[in-house]
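All remarks here apply to the structure that follows.
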């Protein structure tokens, strides 16, 4: 349904053609400084064609906090946020009255709900993610203020053009340790931090644009400074909630963390992350990080990293042979210009969902720790 | 935490060295014929060294239904199930009092809970999955009786030895359409239905066994006859719940459905699943199935299929340089013989979790449909 | 927290001095005709000084549906609703900067959240109930269209002036069978349907108004045509959820259903509701209804009725000896005029909460029934 | 359904004639000393005819911890507990195959579930409360160790014989301040601490026993030393959760807290609890406690007290005119001897449910406090 989280709960609403989209965030701790300026930057990064953290003056998708703060400080009550829709229905969609768009949600929404919204796929619209990003910005601020948690996502592959994501590769691990959002945005609209790979990605995208086609990609995300001990076995292991969060995003096809699918090919003797005592942090750490910062469903203090697969955009302007709702063969081509690669826009959305997972599990662990300290005899 | 599901809810308990393991299943519809004979086969398939559906007489891991049925029929009340543990602690584990086992959950459990169970990783034990499999067997029976749903998982890769999982490959799609559990079990302990690939897998496993090492693998699962319209956008899309369920299993590293990670490289023009009118079922169907049976988070009636990555087993008998709990360098080697490839045992567990996801979302959709029919004017 | 319900979920937001108040309603079945005209009447009944179902033109508290409908029909997606606040802070509240108002939530909110909203009690404001009433109106429409469910609340006592609520009294039972909202509103602002009692109530209220004091009261509510079999044992028995819902309202002190507290004094031989076969409905019914329509936590088809106690309003304009936040003795008197009896305004709020409980449990039961019919062999 | 709580979650199972009854308690903080000896005393108090805290050697209803502890200390994993049923079906129930017992749950269970358990009312059996009491004992231990919370319930009325429960009465308030479980049990099976009232209660019960009838009663419960700030507005106000918990118990008819229903008759000027500065605790306290320790849904540090109404037992041995399942008139009389007053047995169950509510909300508040301290700038 439309609520995510146990004690830090986000409930979103809205589709493409209604009055507004937004969310209610329940469980935000009181006393946190919070204004629209904390929320807007990620919403702006989410918009098409945006890649800068800066906030242009007369932009669209302006968020308005409705409740839950006073004098710029959270009250502990639910924070409602709203972004107005521009309500006109673009003409380009008109043929979708006849055709369920292939690999869109038009047909399944009708099957499920027995009714068709003018936007076709209802809540499967990318516009639904606005509420997630707004809520995620609050989660991120809490995590940063409490633990200096840093969450940075970037595009690691477009089509067959890919950065090395092998966890035994030093360069990849180094990228995870240092990459910043500023660097990601400085990389231009493709949001890949590796200059050589990026150049090839741009060409790849241009190729699909020129052939009126589209291509998918992979977003990789790192979480640094995650407190140790986060994650709720057995069903709500940290990786399970991250997978849930990521696969709830539109157009996703897969999730992997740490060594991921490649890790199935690395023998145990190399895959095991040996422990050593680290003088600087005065605790055990691991020499490698194939575990991706999570062992047994619980964060171990190493960098958490994972990747999310996004399929090629379903809307393409070349002709596709398909069928109408009532079963007649036909040919459909989307009118207008369409972005051949929407993966880069997912970057702030992936970050938002990661923050929502973490903050909820962080609160749960703090509850446990606080009470355990009071009842334990040790 | 230890509960999964919204209206069909499973709560599990137990770790390796306590009295018993088991679960409570709440929300089972009344009137279903159900005895231990419906549960035991999957539990038996889950045990080490088992590959047959047949139930040997004096086996271990016997399940006992505690409540919720009378005269072999469900009452609608919670069904508790229990499997006794053999409670002795094997000597082979003794060195783990000094060493957190690399890439096990020993260290993170201590960090999270501040206490160490004798089994090290507490609930991260594979034994925890018994409750899931027992509950899943009930879910499967409901799905089969109501919709003839068939759920079949199999091993599609061991290390670098892999079946073709390309969704544009006819053979792969054909395997998904026809594979049965009987065929999977007939394939022997490795549980791969492709004879050629299986032979190579056996050699691969022997190689790692001989070098006192371990190797990971991939389990692929197909769900046939899933009713159309299952899945709860936006946060509980069908693929999101499946990903959550699968990544909550021990030793998993990734999840993908339909075209998966490979799908990021297939251009939209090929990736889009064109519609056609199917005379036999009198409805729209898709010519290809890159969507993996799910569009916009909702089942579309095509086969649902997905793959789950399992890492190489962390317990190996060769020596590993690592550190003790208190930070001293040392060398750890697991005593005794260890299974070099645990992936095949995951097969019934993956099936169980898939069934738990489906039945919960099926119930939710039936609630919606029933009431929508009563309030709609159409 | 701020979410109520399992499959029909309401999440509310807002306090007195923020931009707006409202809610998101998730789980509304698709295909229901729904516009603001379905919502506004109960919101209008909730406003101070209102007692008519009619909707004046330029009224305050106008609700705006933000999402989830198109062309006046629900889509199945979340319905967000919003009512703007008039944001100025009344001067009359200024002394509450020094004094926690006795028996208000000012002091406990500061203790809990460590921060003080300008309205003092934050979410304990009566304004928070707007979201509930808006959501309840949708729930009511579903219940009425699907089952002709009628929910009518009225004031049964003000201070010591009370209607007879004895379940063995024929007149009381008759009132429950026939009372309508129109009759309740026709009774004037006190909302008591019994003319003699009402007259005394008006005098009672005038007495307390003249002495700058306040007085509490009881709201009784009847639910007619509730489908049989609603309620989710064991923890979510129908009466348990109703009690939860009612005690979550501001200023409530108690809840009873059926024979209630008086029922503890009626011996079993009289309290037991004997069964008889009813020709008209072709089923068993009960001769008496001390059970209040609920047995074993499950509705039995008889009228459900319950009462909710509301305390005397805490805000009074006579002087009260109390203490300031920092512990100094002082005298506080609320400025301005204050309603000596707020109980009548609770009438639509009680109805709304009853509807929210019922619709959620109705959906759950429909899920069970639908699937049970598919899996049962009978 | 059968799960209660958000972060401290109890899931119960079992009915009268299955193998065992019990529960899984999830969210118990690690490091707590816990053995069966912590659980058994309340289970023993719950049994018919028991009134002592002492534990006789060969008693029935012995609890067995299945998981979640090691060496007598909690691990942080789910604690499963089980009590075996004596499985034979008493002959006395045989006529209930023909008759739905009046004011029992026999008929509604069949209507809801479409199936009849041999015990008639399935989960409405008093035996279902065993899991609650076992879980409550853990909750109590946590609350006591962390905050010295004391929870004491007692019988305050039987039929028309009643202790004074007026919150403006000094004696009543004094009883709440000092009453102990030892005193309650020393009062004999009727569990009323007031000697004069008790004597009359005993006579009342004897009267109903002699006339083969039954009579109801009221259990009052006080919670001392509840930490300030517990309760989760708006829907999960402390009183709302207490009401939910209490009305989920079998045979309950009502709930009130603080001044309760009587409070509706006390004018605001007397009902308001004036603040004063208390030197001993260095904080504001209230001179009266009509609020019952809860203001705006949040605990204020004063004693929390509430009362629960229990109806007269439905099983009586005098003849009742009623109807059979298939609608024929008939006369039913329960065979054997029946307890004319079951209210006293509810005492430990009420305590258990109160503890379950508190510990869950205590954990939630500790999560908020911990994180608020980390993110607040003050």
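Should a chain be cited, it is by its letter among A, B, C and D, assigned in written order, with residues numbered from 1 in that chain.
Just so it is clear, a contact is a pair of C-beta atoms (placed from the backbone, for glycine too) under 8 Å apart; a residue touches a chain by one contact, two chains touch by 3 or more.
What you see is a predicted model, and the numbers here were worked out from it, not measured in a lab.
Trainee: Hey, which pair has more contacts between C-betas, A-D or A-C?
Mentor: A-C
Trainee: As a test of understanding: of all chains, whose mean C-alpha position lies farthest from that of chain C?
Mentor: Between chain C and every other chain, the largest centroid distance is to B.
Trainee: Approximately how many whole Å separate the CA-defined centres of chain A and chain C?
Mentor: For chain A versus chain C, the centre distance works out to 40 Å.
Trainee: Could you work out how far the Cα centre of chain C sits from that of chain D, in whole Å?
Mentor: Using C-alpha averages as centres, the distance is 25 Å.
Trainee: I'd like the Å distance between the centres of chain A and chain D, where a centre is the mean of that chain's Cα atoms.
Mentor: 45
Trainee: At which residue positions does chain B touch at least two other chains?
Mentor: Residues 1-3, 7, 12, 27, 30-31, 76-77, 112-114, 122-123, 233, 368, 372, 376, 378 of chain B touch two or more partner chains.
Trainee: Sort out for me which residues of chain B touch chain C in the complex.
Mentor: Contact set of chain B toward chain C: 6-7, 27, 29-33, 76-77, 141-142, 145-147, 233, 362-364, 366-372, 374-378.
Trainee: Could you please specify the touching residues of chain A with respect to chain B in the complex?
Mentor: Residues in contact with chain B: 1-4, 12, 100, 102-105, 107-109, 111-114, 121-124, 128, 157, 159-160, 208, 211, 213-218, 228-229, 231-237, 239-248, 250, 252-261, 263-269, 271-277, 284, 286, 290-292, 295-301, 309-316, 318, 320-323, 325, 327-329, 343, 365, 368, 372, 376, 378.
Trainee: Can you tell me which positions in chain A touch chain C when the two form their complex?
Mentor: 1-3, 7, 9, 11-15, 17-22, 24, 26-27, 30-31, 64-70, 73-80, 82, 112-115, 117-118, 122-123
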